[in-house]
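Some structures are shown below for you to check.
Both of the next two complexes hold chain A, though its partner changes from chain B to chain C.
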Partner chain A sequence: MKQNRSFIGFLVIPAFVILAAVVFYPFVYNVVLSFANMNLYKIYDWHLIGFKQYVKIFTEPSQPSFYSVLSRTLVWTFANVFFHVVIGVSLALVLNQNLKGRSLFRTMLILPWAIPQYIVALTWRGMFNYEYGAINLVITKYLSLPAVEWLKDPVNAFIACIITNVWLGFPFMMVIALGALQSIPHELYEAAEIDGAKWYHKLRTITLPLIRPVMIPAITLGVIWTFNNLNIVWLVSNAGEPSDNTHILVSFVYKAAFNYYSFSYAAALSMIIFMILLTFSLVFMKSSRATQAAY
Partner chain B sequence: MASVRLENLKKNYEGGKSVVNNVNVDIDDKEFVVFVGPSGCGKSTTLRMIAGLEDVTEGNVFIDGRLVNELPPKDRDIAMVFQNYALYPHMTVFDNIAFGLKLRGFPKPEVMKRVHEAASILGIEELLDRKPKALSGGQRQRAAIGRAIVRKPKVFLFDEPLSNLDAKLRVQMRTEISRLHQRLETTMIYVTHDQTEAMTMGDKIVVMKDGYVQQIAEPLELYNHPRNKFVAGFIGSPAMNFFEGAIVGATALIFREQQGAFKLSIPREKSRKLRGYAGKTVVLGLRPEHIYRGSLKGLKGAKVSVDVQVVEPMGNEIYVYFSFGKNGKQHTARFDATTMPSAGKRLEVLFDTSKAHFFDQETEMVI
Partner chain C sequence: MISSYAMLVLFSVIALFPVWQVVSISLRPGNKLLSTDLEFIPSNPSLKSFVTLLTERDFLIWMGNSALISIAVTITGVAIASMAGYGFSRFRFPGKNMGLLSLLTTQMFPATMLLLPMYIMLIKLGLINTYVGAIVMYSATALPFCIWTMKGYYDTIPTSLEEAARIDGCSQFAAFYRIILPLAAPALVITALFSFMTAWSEYVVAAQILQDSSLWTLPLGLKSFEASMSTEWGLYGAASLMVMIPVVILFLTLSRWLVSGLTLGSVKG
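Presenting the complex of A and B:
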């Protein structure tokens, strides 16, 4: 028994040490920093100042303002996850049919997800170029519309970021939805067919309720990933351009920490992000009863 | 209530694989017909073609005299019960049963009335608020049957509905479905691989193998007069024993088992047909219940000495597995549970030749 216990310890300790080093310690250090005044001038002689950083975030004006960044983050998250789910589930429904060349389509549609985000972001940034970008080329040449200033106008630049991230993120939802669809017994559809159900009845009363238990955790993950997605906004808009008007919370945190070196201010901001996501996850998972098995 | 007629029904899958061939069956109004056969024999595909869930490659399906080949399932006025119940897992039993009625736009009071009526017939009224996962297998199957009967369709289709239930529940549900048939007086078509279900439930049984109908008959007719070796072996449990041997003799015919294990005189009523087989090999079929212990008096038949291999006491009867010689082919006899024969010993048994069936060795058709 004793030998058994030491063997268990031998197996568990390495994982525990790694977790402590890369998760617990940085998290606790971040909490402490958020209550301190560490910045470029006070790298070594920082001290605790209580909630002052939090008060500063919520009350003092900043460029850009916290509230505008927060609302832009909410729009960013909602728009992205909405299109990820709608496009992903729709494509999964198509791929779930008996199509010819289904596996080829499936592979092609998963590709965006397999390409590194960095490359995707820079490719799309190139495509959004006013003069030489492919998107303006299509708009002017084939649609005969005026070229769009994608990266100079704050709204357009933000839309460009969303388009890039939608393209990048729908395959995840598609793969998850496809897996969920394939687990629905086909007899349910046959029984419904005999009962007189049309395709939209089947979608509403069988497909959607039965992929829901799988989609809710996927949407929760999607919200967390999108909310925290630094790469796309940072790279497509080139660090929040124009004039820091395309920031979402996480890129704002990055700028505060590594461009302005306001480490404690950034730590407090990231604690706010953490609290928002934690609350969202708990409320969403509970209210949607996601963990309840369907069958 | 309606008749169903299958006319030269064929089903080929992509790549030309044929699964149902030339099926011709007439099912009368209010009849309970069972399609039975081993897996892959085409019985479920036939049922699915009646339901409209599979396209018909060739031939016709008539329901109530109307050609329904091109009609979608919902317009055929049928209801189907599936092997795995096919209950909507996120709906209560009530909503499951009411689903078809709601889709067809029945008014709410009528839906309530019909669901409660169906639930009371099936004894599941207290389960109407539960979801399928909170039900036992038997209760789920009742809910699935409820969904079928609530619409009062012309024809009920059952696709192996009892296969997922345990043995005891299967027997119970078997009688419940039979009772339901008597009560509803509706045409029912039932698919199963279990010959006991077929024998106990069907007014008429359709035996299928490899996509072809082997025989259509009433249960006892199938048991007593199988058309071929397959039907003879498939119907009856334990299965019929088969012995290969030659027909010899000129005036009085004798069956001599291939290995010389036994000989038996062929009864006069069977001699006429077997005369043409003199000198040829045929297959003798004898059911386990037509083999008796040698000690039983007053029975006519052929005395045969066998090697007992295994004895299985069932309580009310005994199954004796025997062979001729230690390594011979295994056969079965069914005895009354009076005394247990010993395994490994020789035993005198009596073959009731009046109950014997003879089959052509090549065509496997009964002689």
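Presenting the complex of A and C:
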């Protein structure tokens, strides 16, 4: 399209100015902080100390240890995104048929996404209560199984966080997949039917390859959002209970920054999280582009 | 067909279950808050929790604070993103690729990456405990995603539409404003919803920036019911319900826009 400098400037300069002030500047500040020794008591009186904070994270034993939190974060991310995509795409495939009551079902299924996350988290925390929580009532009354101590045991508390997050995350993938499915031209399916294709042929050779370009970025985003999802772990496990054993990296940083006020230590941890995600995204997007040629 | 319905019903029940819990808790009379029955509507339902919430607690103040902050963030998000997204989609200019790349990169920032420096800056600027602090934080969080969404959507609208409009005598701005922007309505709606929800349902940032209880947004208020020695479940249920209802209604009314092929066919023929 024809270039028109003032029009382009009018469109993008406001965004650049705002982002420079509220995103770029804090980012640089965070980098500087991560090489310093700032905490609440040295907020005006800090100086650079090089890589000491990073060395401390990787080598000094802490409670909980960095490596246990990291592996918990990986489990958390994988489990959540896996269930989000599987449930979301399956529901989208079902909803994309010509069913009676389709829009009613879609509406109900979007509900978990519509509810604010912190309410989801606090409500599920209540539902996981040992004596009065709905989950244990269902387990004991309808399934006749023993009640589960959800929030006092580290593993169960972590599973409770995952259940909560799977519940709230599948509608996003469903909506994305549904949008992609609706943009597939019907002619393709008609042509395939003329050629005698069965439903699984159509799924594998038409549907999945064609929703792939939309799903790959959505999954990348899903991984990043899940990896960085502070709300659910923080609120369901009430700041890492029992005794800081349910933290994922981002809730661990939040605690370091705002409960222990180790600002520079937290800044260095933020940098590490950022580096992990950056590496992941580059590798994932690149490898998925490479395999795309196969279709 | 049957298995399709079975799956839809099962997941709908799972999706509705926590909502029903909240409704049920909010209607429980005071002596049955810790009930172990799974009744759909409690026996002797009572609206007392709602009355207490509205008359004896700061609920309306929290709602006002939340509304103010969310609306400010939404206006910023939609205005800036609808323009910048168009610029990124249609034109070439210096810094474009860098800009796009850094927008994506911000999505990888953990919450603390911006929150911590901003928190320290806000302390130094004396802006901690102000609406401005919260609005700035939320806009910073929401904007990159909004611009990216808008850009992606504009990319799907064929440029032949603007070309046709230009041939018919539209200015560049008019082609954008009158032809493309209306077609981008689904993306605008997503952007608006996203910005609004970023601010409306945010807890962890608000917990650090809005420490004074007169500035509390709804999430801080609701958490305070849960944080006290014994959780005030009735008030919590009533409050969550009232917070959820506007958002859920908004979401459901607009949900058909969320999945929509508005551009399909607009170039055909």
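Following the convention adopted for this analysis, the second predicted complex is superposed on the first by the 275 of 295 C-alpha atoms of A that agree within 3 Å, B and C clash if a C-alpha of one lies under 4 Å from a C-alpha of the other, contacts with A are read in each partner's own complex, and residues count from 1 in each chain.
Going forward, contacts are C-beta pairs under 8 Å (C-beta built on N, C-alpha and C of every residue); 3 or more make two chains touch, one makes a residue touch a chain.
Since this is a predicted model, take the numbers as computed values, not measurements.
**Student:** For A:L99, is the partner it touches chain B (first), chain C (second), both, or none of the two (neither)?
**Tutor:** In the superposed model, A:L99 contacts chain C only, not chain B.
**Student:** Spot which of chain B and chain C makes contact with more residues of chain A, would you?
**Tutor:** Counting contacted residues of chain A, the larger count belongs to C.
**Student:** So, A:Y132: does it touch chain B (first), chain C (second), both, or neither?
**Tutor:** second
**Student:** Considering only the touch criterion stated at the top, classify A:E187 as touching first (chain B), second (chain C), both, or neither.
**Tutor:** First partner only, chain B.
**Student:** Where does A:D195 make contact in the superposed view: on chain B (first), on chain C (second), on both, or on neither?
**Tutor:** Once the two structures are laid over each other on A, A:D195 reaches chain B alone.
**Student:** Classify the contacts of A:T205 with the two partner chains as first (chain B alone), second (chain C alone), both, or neither.
**Tutor:** First partner only.
**Student:** Based on the superposed arrangement, let me know which partner A:F263 touches: chain B (first), chain C (second), both, or neither?
**Tutor:** After superposing on A, A:F263 lies in contact with chain C but is clear of chain B.
**Student:** A:W150 contacts which: chain B (first), chain C (second), both, neither?
**Tutor:** In the superposition, A:W150 contacts neither chain B nor chain C.
**Student:** Same chain A residues contacting chain B and chain C, which ones?
**Tutor:** None.
**Student:** Taking the complex as given, what residues does chain A use to touch chain C?
**Tutor:** Its residues touching chain C are 1-4, 7-8, 10-12, 14-16, 18-19, 22-27, 29-30, 33, 38, 43, 87, 90-91, 94-95, 97, 99, 103, 105-120, 122-127, 131-132, 134, 137-138, 141, 167, 171, 175, 178-179, 182-183, 221, 224-225, 228, 230-231, 234-235, 249-250, 253-254, 257-258, 263, 266-267, 269-271, 273-274, 277-278, 281.
**Student:** Across the complex, what residues on chain C touch chain A?
**Tutor:** 1, 4-5, 7-8, 11-12, 14-19, 21-22, 25, 34-36, 38, 76, 80-81, 83-84, 86-88, 90-93, 95, 99, 102-121, 123-124, 136-137, 139-140, 143-144, 147, 159, 162-163, 172-173, 197, 200-204, 207-208, 219, 222-223, 226, 231, 233, 236, 240, 243-244, 247-248, 251-252, 255-256, 258-261, 264
**Student:** For chain A, which residues are in contact with chain B within the complex?
**Tutor:** 185, 187-188, 190-197, 201, 205-206, 209-210, 293-295
**Student:** Across the complex, what residues on chain B touch chain A?
**Tutor:** 51-53, 72-74, 78-80, 82-84, 86, 88-91, 99-100, 103-104, 132-133, 147, 151
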